[in-house]
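Structure below; questions to follow.
The chains carry the letters A, B and C, assigned in the order they are written, with residues numbered from 1 in each.
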Amino acid sequence: MTQSTAVQPASPAPLKKSRAGPILASRTVKHFVTRVLFALAMGLVLVFFALPLTWLVTAPFDSNPTMAVRWPDWTFGNFQTLLESPYALGSIGVSLILGAGTIAVVLTLGSLASYALSRVHIRGRDGLLYALLLLSSVVTGTAAMVPTFQLITLIGLIDTHVGVVLVLAGGLLPTVIFILKDFMDSIPKSYEESARLYGASPSQILRHVVVPIARPGLAFVAVWTLVQVWGNFLVPFLLLRSPETKPAAVLMYTFYTESGQVDLRLISAFSLVFSVPVIVLYFLVNRRYGFRFHGGIKS
Amino acid sequence: MSVVRTQDLVKEYPGGVRGVDGVTVTIEDGEFFALLGPSGCGKTTLLRAIAGLEKITEGTLHIGERDVTNAQPRERGVAMVFQDYALFPHMDVADNIAYPLKIKKVKRDSRRRTATEVADGLSLQGLAERRPGQLSGGQQQRVALARAVATQPEVLLLDEPLSNLDARLRLEARTFLKELQRELRVTTVFVTHDQAEALALADRIAVMKSGKLQQLGAPQEIFQRPVNAFVASFIGSTPMNLIPTVTADGGVVVGDGLLPLPGTAAGLVGPGTPVIWGARPEYLRWSTEQVPDSVRAKVRVVENLGATVLVSVTSGEHNLQVVAPEESGPQVGDVGWVQATSSRSLLFDLESTERIGVTREWASAESVLS
Amino acid sequence: MSVAMSSARVRRTPSRVDDIAGLGRVGAGLFMAPALALIGVFLIFPALWTIYLGMTNYRLTGLAAADPDFVGLDNYTQVLGDSSFWWSLRLTLVFVVLSGILGQMMLGFSIAWALRHLKGLAKSLTETLVLAAWVVPGSVGSFLWLALLDRRGGTLNVLLDSPGTAWLINYPMASIIIFNIWVGTAFSMLLFSSALASVPPSQMEGAEMVGATAWQQLRDVVIPNIKGHILTNTLLITLWTFNTFTPYLLTAGGPNGQSEILAVYIYRTAIPGGQLGKGAAISLIMLLINLVIALGYIHLARGKKKRA
């Protein structure tokens, strides 16, 4: 080892004791300034995100809401107005119906397909899954809006909830299958093996053994689907004409574009009521599962 | 001079938990020093405090003459090798070794030269272009060491340097590490939970438990004269026999009979005192015939250790373990005698678990020094 | 007889360990059929059909609605020669780069980096607010920004004391870009948060020990370690920003097409404009662009999985 006799090119600088004073002071000052700048930057970020949201929590409770955020003249009266509005609550009901319908289709078809994909070794299975992923990434609502509109019109489902549900379900299924297959993969196979030994048929195994165990995964998918459907604007906007069929997402838009005089009391209350369910759901799911599946595409 | 000195060092976490609770040690220049203890004892926290990765709550830390209690890691003149080596996966070996020099703004040629020298010194020739992922565990360790010594630190810190290696490799690496430290003569502090490793490598060992220092001394001393029952049971490849019992006239009640009073406790306890009697299985003798200073026992379990066997016996209400040569071949169910000696057994206070005789030794050591 | 047959059938069940439920190929096929059928009809078919539709002169109303003609590549040549198409495409590119890559990703990363050592109130407050912007339904979010930017009484004008400034009319692109950043940053923040957490702390500490500054640690340790995440995030953000329709709710492409990103351009051509054939042609172009981006993402995701 030549280390001990080698010439050292640049050894660690010894602490310059003679200049320790000013160095220390300038370091603390720099440290302090950095801290202040950091706090300032974070403050700006917080304001950026909070500012638009503030209206959502002040205006609904304001007896005379303005476009600007202001300290409200506290009242619950706007919710009364909401109840009296002809289409408002109905549209939230429609959102629920669309959500429930899509969930039903997606869970049924999705669990069947993902179970088969998980349990049976089909040649090209991985290829199929990636093709599905590719498909759902490429054929977005926006890119396919024209042919979808045409198709639904042609098969006579325009202006129906069924049409909307089918289109939404078709778009969500690939991701759902992806997610559910993962859940299914992680279920120990021993349960099914013993059921099989007792003579159960595949569909019985699926219903009696797999589904109960996969319930958390199914619940997660149901919630995720609801959130996707709840906020979806384009598909119902495209396919529904009559005002009483429109879900909240679309009605919200027509409130401030089509109904002439903008009634902020109604809009504010409606916005809040429309937003709260999905905010609550999102945070409940986050508690449980964390944001592993953000946006539906696993990262 | 790179003496590392801590004085009543405390590391307290929010919530009041003390990772290191008032530790005072002086690590001599050029010493190979071990921090040993079970997980959670504070040894890694102490190492990280010396490194500057943990802020010291109370107490002081000096490296050489300088007070570095509040200094940044880069100002302390220390280098550290992490348990997982922390090699940058995207840099090749040469760049990894040269990285600290790059940060110190050493010119490219100069730092490349140093990196090559250091690498050669650690038998890493020809691996300069490789990525860490292409190296074996032992090679990765040596690269991490090279990076640490490339800056010629005053103090070298090693966090469980051998635990990531396979058992076979570990022994080789152990010898390698000992030689390296001797050549470099840099003050080295390493953390381990493996007592055999500490005994083999260190010049001195600090045994820790629950953030506090239990005993500080050379390996031989810790092994033969542990300061309390914890240290006694922690050190040694086979667990020391520790029997709560009472003294009697002429000895200690163990099992069916009486075993000699340990020499280190002579004159310090009277008969009928509750104590803990301790003896290492290696220092007990199994005999098929009755011999002096022994108790009668029956064999319950026999474990093969290669050249020896570990025999678990029961005598009265006490269970003992004895290491016997393989040829003596006791079988389960055999009856025989366990012999102990006064020079190779110890006595501990039942309540405080401190070894009886410790204070007398320290007092006499002090009187020698004064 | 039947007993022998059924037992023979049982004995012939697949010996593959994978097929526990005894579905067999046929059974699996049946299980997958309904889902695949739905996907086929409502996802695959429209995508392929648009090629054909783009070659017709379908209209929303009038003669060509009931009885369209086949016009070959006329729509495509028309679209590619239409300056408003290229204008829209250019706007979309600007939108994706400024709002997606530079906006959401950089902001998301910065927030994740700033929060990495923080705990408790500051961290959860920031994350909650950023997330809330994403979670709020699109039509509500866009109205919140309409209210903020309102020329007469919007909060922004109140705060800046600039009454009468019509942000949406004078700065339409800036408005939708900033709006989209507000909506989408949460995803990048979460992704980078977990990416940063996956950087081995010992490497960071190793760099810290040799004196690397925070910036040097970022350059030498963090970014090389999360290169894969950065790449996949870029592609995902590009894809999503390219396809988002929500800016329509804010400016409807106006004024005068100044914020008419491709999504809005397609919609306005096909529905208010009534030119379904032409709209289909543009849709095909959009599908192809999506395909390129998505293939890039899949390629990277597969590479990551193989290496994992």
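Quick note on the criterion: contacts are C-beta pairs under 8 Å (C-beta built on N, C-alpha and C of every residue); 3 or more make two chains touch, one makes a residue touch a chain.
Not measured: the values here are computed from a predicted model.
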item: By mean Cα position, the chain sitting nearest the middle; value: A
item: Most remote chain, CA-based centroid, reference being subunit B; value: C
item: Geometric centre distance via CA averages, subunit C-subunit A, whole Å; value: 12
item: Subunit B and subunit C, separation of their C-alpha mean positions in angstrom; value: 57
item: Whole-Å gap separating subunit A and subunit B, where each centre is the average of the chain's CA atoms; value: 53
item: Subunit B residues counted as touching two or more neighbouring chains; value: 74, 104, 151
item: Contacting residues of subunit C [partner subunit A, same complex]; value: 16, 18-25, 27-29, 31-32, 34-36, 38-39, 41-47, 49-50, 53, 58, 107, 111, 114, 122, 125-126, 129-133, 135-148, 150, 152-155, 157-158, 182, 185, 187, 190-191, 194, 229, 232-233, 236, 239-240, 243-246, 249, 263, 266-267, 270-271, 276, 279-280, 283, 286-287, 290-291, 293-295, 297-298, 302
item: Subunit B residues within the subunit C interface of the complex; value: 51-53, 72-74, 78-80, 82-90, 99-100, 103-104, 147, 151
item: Touching residues on subunit C, where the partner in the complex is subunit B; value: 200, 202-203, 205-212, 216, 220-221, 224-225
item: Of subunit A, residues touching subunit C in the complex; value: 38, 41-42, 45-46, 48-56, 59, 66-69, 105, 108-110, 112-113, 115-117, 119-122, 130, 132-151, 166-167, 169-171, 173-174, 177, 189, 192-193, 196, 201-202, 205-206, 227, 230-231, 233-234, 238, 248-250, 252-253, 256, 267, 271, 274-275, 278-279, 282, 291, 294-295, 297, 299
